[in-house]
Structures are given as C-alpha cells and as structure tokens.
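Report on the following structure.
Letters A, B, C and D mark the chains as written, and numbering starts fresh at 1 in each.
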Amino acid sequence: MPDTHPNTRLEAFCDGVFAIALTLLIIDIKIPASEAISGNRELWLALKRLGPSIFAFVLSFAVIFITWVNHHRFFRQVNKSSAPFVYANGLLLLSVVFMPFPTAMLGDYLLTDHAGPAIVTYNAVTVVQAIAWILVATSARRLTKDDKAAALIRDGKRNGYIAVVVYSLLALLAFWFPLTIAIVTTVLWAYWLAFSLQAE
Amino acid sequence: MPDTHPNTRLEAFCDGVFAIALTLLIIDIKIPASEAISGNRELWLALKRLGPSIFAFVLSFAVIFITWVNHHRFFRQVNKSSAPFVYANGLLLLSVVFMPFPTAMLGDYLLTDHAGPAIVTYNAVTVVQAIAWILVATSARRLTKDDKAAALIRDGKRNGYIAVVVYSLLALLAFWFPLTIAIVTTVLWAYWLAFSLQAE
Amino acid sequence: MPDTHPNTRLEAFCDGVFAIALTLLIIDIKIPASEAISGNRELWLALKRLGPSIFAFVLSFAVIFITWVNHHRFFRQVNKSSAPFVYANGLLLLSVVFMPFPTAMLGDYLLTDHAGPAIVTYNAVTVVQAIAWILVATSARRLTKDDKAAALIRDGKRNGYIAVVVYSLLALLAFWFPLTIAIVTTVLWAYWLAFSLQAE
Amino acid sequence: MPDTHPNTRLEAFCDGVFAIALTLLIIDIKIPASEAISGNRELWLALKRLGPSIFAFVLSFAVIFITWVNHHRFFRQVNKSSAPFVYANGLLLLSVVFMPFPTAMLGDYLLTDHAGPAIVTYNAVTVVQAIAWILVATSARRLTKDDKAAALIRDGKRNGYIAVVVYSLLALLAFWFPLTIAIVTTVLWAYWLAFSLQAE
C-alpha cells in the first residue's frame, strides 16, 4: 500500500490534468505571421486583433483555476475512494481537457456576426462539467459518514443541478443572443470568482 | 533515501505522462478556419464535420483513463522496484504517449473510404500496450512474495496475453472491415469501462 | 484531511504549471520546412536564422526557472493557506503561462525593424508578474506570525514594487529603443540569476 | 517547512519536465494531410514516409527515459540542496526540454542527402546535457559526506566527462559521415539502455 491516503494519487493525477489544460490554452493564441507584417504600426494592429483570443484565454484560465480550487476544497471532505468516484472524476477531467477547443472558437468568432455556435459550445461544455460534478458528489456521498462533510457534498450536488439548468438555458439563448450571453457568462464567472475568494 | 516507498517517484512520473497524453489529445481537434466561414450555418456544418475527431478524442480519453486506473490498481500490489520493472513501465508509457497519433488519424479518416490504415494503426498501438503490460506484470512478479498480490499480477499477465491475441486479430481484420472493427473496438472499450467501474 | 500541509497541493499544482510552461516554450521553435531546403548549406543558413528564437527560448526558460526557484523559496515561509493567497498564486501562474506568447514574438521580431511591440509586450507581462508577486506576498503576510518569515515576505513585497516600476519603465522605453531594452532586460535577468545562485 | 526532504520539490519539478518533454515528442509526428490522400494505398505510403519521424520519436523517448532513470538514481544519493545544485539541474532540464527540436529535425532530414546538420545538432544537445551532468555532480559532491554516495557521484562526474568528449567527437564527425554517426549514436543509446537495465 504505497499511498497513505486512498485519494492521493487520484488527486495528483487530477492536478496534473488541470495544470496542463490551463497551460495548453496559450497555444491557441497564435502570434501574427511575420511575413504579413512590415512595420510597428501593423504589428500593433495585429496584436489588437488578438483581443478576443486574449479575453477567451483569460476567461478559460479563470474558469479552470476556479474549478481546480473547488475540486481541491471538495477533496478535503472525501477520504475514501471507489470506482464510480474515480470515473466521475474522469468525466470531470474530460470536460476540463475539452475547454481549449471552445476557448479557441470564442477567440476566433467572438466579434464576428456568427459568434453563436462558439458561445453555445462554450456553455454546452460547462453543462457537461456540471453533470460531472453531480456524479462526483453523488459517488462521494456514499464514501463519507461524517455529517459536516455530507452537508458540504449535498451543497455541491445542489449547485451542480442549478448549474446544469442555468448553463443549459444560457447555451440555448446563445443561439439568438450570442454577445449578451457571452457577457452574462463572463459576469457569472466573475461572481463565482468573488464568491470563491470569500470562502474557505 | 528521499522516497518513503521505492515506487513513489516512478508512479508520480507515470501519472504525469498519463495526464499529459490525455490532455494533448485536444490539440488534434482543430477549430474551423475563420477565413472559410462566413455565417452561422457554415460554422455549424464545420462543427458537424468534426464529429469523427470528437468521437476519436472521447474514445482515446477513455482508453488512457481506463489504462491509468488499471495502472493505479496494479501499483498497489507492488512495493519493490527493479530496473526491468522501471523499463517495462517505460514501454507502457511509450504506447500511451503514442496514442494521440492514431487518434488524430482516426478523426481524419474514420468516415472516408480509406479508414483501414487508421484503424489498423489504432489497434496495433493497443497490441504494443498489451505487450508492455505483460512485461510489467512479469517483472513485477519477481518483486512480490505476497500470495494475494501474486494472484492479481498473474491475472494481469493473462489479460495481457488475451489482449495481444484479440487486438492483433482486430488489427488484421481492420484491413478488410475497417468500420466494423472500429465499432467492435469501441464496444470492447465500453465493456472494459463497465467492468472497471464494477471492480475494486 | 488528506494533506499533511495546507499548501502541499497548491505547491504541486504551481510546480506542474511552471514545468509545463517551461517545456511548451520549445514548440515555438519551428524546424525549417524540408520542402524549402535542398542542401546542407541551406539547412545551416535556416538554422542560423533561428538564432533569435533560440535566444528567446533560453531567456524565457531562465526567467521561468528563476521564478520557480523564488516561488519554491517563498513557499517555505508560508505554512497556512487562504482563498486570497490561492488566487494571488493563480494570477502569478497566469503570467507564467502567458510567457510563451511574448517569447515567440521576440523570436520572430527581435532582429527586424519592428521589434518594439515584441519587447514592450515581453516587459508588460513581467509587470503583471511583479503585481502578482505583490499580491502573493500581501496575502501571505496575513498567514504568518513568525518574525523571520515576515521579514522575508516584506522583502519579497518590496522587490515586487521595485520590479513593477523598473519593468514598466523598460516597457515604456522599448517603444523608442527596442534593442537596447532587449539587452538591458537580458542583462537584468543574468544579474537576477547570479544573485539567485548566491542566495539560500 | 512543508517538505520532509529538501529535494522533494526539485525532484517533483524535474519529473514534471521530463514527463512533458517525453510526451511533447509526439506532436512532431504529423499525420498525413487528408486532402492529399484519396485511397488506402496512398495512406499506407504516406505512413511509410513517416518512418524516420517514428524512429526519431522512439530514439528520443528512450534517451529522455534513460536520462530520467539516471536522474532518479542519482537523486537517491543526495539529501541536501544548494542554489548551484538547483541551477545545475535547471541546465539539465534545459537540454531535456530542447530535445524535441533536434528530434523533429532528425525525423525530417534523416534520409535526405543533407542529414548532416540534423545529426550534428542532435549530438550537440547531448554534449550540453553531459556538461549539465558534470555541473550537477560537482555541486552534489559538496552536499554529501557519505563515502558510498561520494564514490557514486564521482563515477557520474567521470561519465559526464567521457560523454562530453565522445559526443563532441560524434557531433564533429557527423559533418562528414551523417548516417554512420546516426547509427553509432543509436547503438550507443541501445548499449546505455542495456547497461541501465542491468544496474540498480
């Protein structure tokens, strides 16, 4: 039995995936091709055109980091493991690993008149993530007998259900009002960040 | 002696490789080039065309995650180390690291009439991985004296031999029946997933 | 409580991000396209043209490694955690993860007559990093009561303020004197490296 | 003091870099562009043309893995840390992180008549790595008082000096006899692998 704690290796593995997903976001910000640039002015303009990509990068970085903080806090409540718990975490990681894809789409399409599919996809991935949280919380519930931990896990599960409803709605509405929903999504994450900063 | 356990650092190293291989899968899903897209409809169609890539991504994510879970369970039986054991793990990692290549091929060629080479390659990599498992189990066998652990390792070795035969056959048959074998491979992994969820 | 120390997992997560950011720098050194090369002489010339990219790679590798060493030393002073401390570290990681972007720009534009924007961006990212250090130190200050640790944290904070001023100035001056500022930035980091080698 | 051992975090950081460098090698094996392929036969031919890339991938994977095993064994002898020791490891990591570049070159140019620069570069990176090992061993020497550890470190240092001479010679000779030197380099690493498998 190498591990002092049954979840140590799962936790470390999740951390690795979070850290890599976070860092890989940068490779979707392509620097302006040097052949097309012949002066300072043009380079500044090309950098300015990267604005939506940099916005999408910072947003997704924040989203993944907040998710990691929640994951970290959640795991402190769970000190047993089970196969369903491990695989529920696997689904959560799948949704985290997938993030660079809608992020890159958001960067490329946010300010065009066909931003809709990018924002729908972005919020759809968040729905999958919320479903994963519900499964993680449900499988964790069976692993703890401690009352305080059980209450916190129940809260996490309820938040997961709320998130499924809210982000499904946002994904749907993004078909018609892409930019408004992009702003709502950003504000919502800013609120989550502020909330998470208060907690612990 | 920094490590409390001789395999701690090998385990952490393997986890790192698994986590990165998993996350790198996403970079083969290229977002549609914005120059070629002029409206919502075209963007949705372009996303639809990514279907096989996303299928290949989810399949390989599941394959690597299941492999990691098995690796995790296997290592709990082994509390000594040896050079052959370390290098057998190295071969296992080689096959895991190689996964993004057949995955990307599957994504690009699955629905064309020349899907054969992609599916042959995919299953051939799985054969290499099964051979690696046999070597890992064989070298681990010499490191344990515990009866229960020995039985579990023997099981792992037998599964490795079965996998070599099955996936070699699938790789061969994929020359003639690519799509059928693609479906059989997917169903087989779904079965492994269900089996792995029951275990522990 | 799986962790023996409240910052163990944060530390490991940061290490992961540092390690990946460091390693991802290499993917911006593109090898010469084989179609355009028809002999040894041409390949050597193409490699020579990679000079600025390799310089930028080594510089950014050194910058991230020195930052990691400082982070490592800093964390030895802090043995409590708080939400603001975690998120201040998140901002620090954001600036580290962003490094490959100005590095790639530096590699492409350093020896052109429009190197300005690249060097301005490079130093601007360093300013964000210095601000993150101030926030890390400020939030850490509230977590320690030990006098020696408090003094070291205060030093870190002061260095952060100095860095904000110095690198803001360098970023500004790079609008007019790009190459001079590139040399000053490199010399400054060489000095930091020499200083860091003496310490501990 | 969070760490139970002064080198725990350096070790984990190095492991992370080794693991990522290893995994990143795969992104230089580009799958054949689907536009240029219209049948099974063409796809098999395109895969065959990837032969040198796959050879280079396996060679570099083995090189980095063997280096990691050596690093792992070396660190068991050292249970103190110092700034020069940390930065010597930094130089070692720099040479490891750089590996994907000469590997990709080898893959693209090995079977052309201008393979020379690729093989010179490959061996030149190995020379830098050997120099890094000498610095690691020299700085470690001052951290240990144990006789057995000192003897092992002295051996490591001597091997470093031999490697500097041998790989400098190989790099030089590769100017005139690229393919022969490519074979000698591969055989030498196969020998190292066999040697490393015997050890411990």
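As a convention for this text, a contact is a pair of C-beta atoms (placed from the backbone, for glycine too) under 8 Å apart; a residue touches a chain by one contact, two chains touch by 3 or more.
Please read these numbers as outputs of a predicted model, since none were measured by experiment.
Path length between chain B and chain C in the chain contact graph, taken as the least number of steps between touching chains: 2. Shared numbers divided by all numbers used gives the overlap of an interface; between chain A and chain C this overlap falls below half, so the copies present different residues.
When chain centres are set by their Cα atoms, the one at the greatest distance from chain C is B. Chain D has its Cα centroid 35 Å from the Cα centroid of chain A.
One inter-chain figure worth recording: chain B and chain D are separated by 25 Å, centre to centre, where each centre is the mean of the chain's CA atoms.
Among the residues of chain A, those in touch with two or more other chains are 12, 16, 20, 24, 27.
Contacting chain pairs (ordered by label): A-B, A-C, B-D, C-D.
Taken in their complex, chain A has these residues touching chain B: 1-3, 9-10, 12-13, 16-17, 20-21, 24, 27, 81-84, 86-87, 90, 93-94, 97-98, 100-101, 104-105, 108-109, 112-114, 116-118, 121.
Contacts from chain D toward chain B in the complex involve residues 5, 7-8, 11-12, 15-16, 18-20, 22-27, 29, 31, 34, 37-40, 42-44, 47, 57-58, 61-62, 65, 68-69, 72, 75-76, 79, 193, 196-200.
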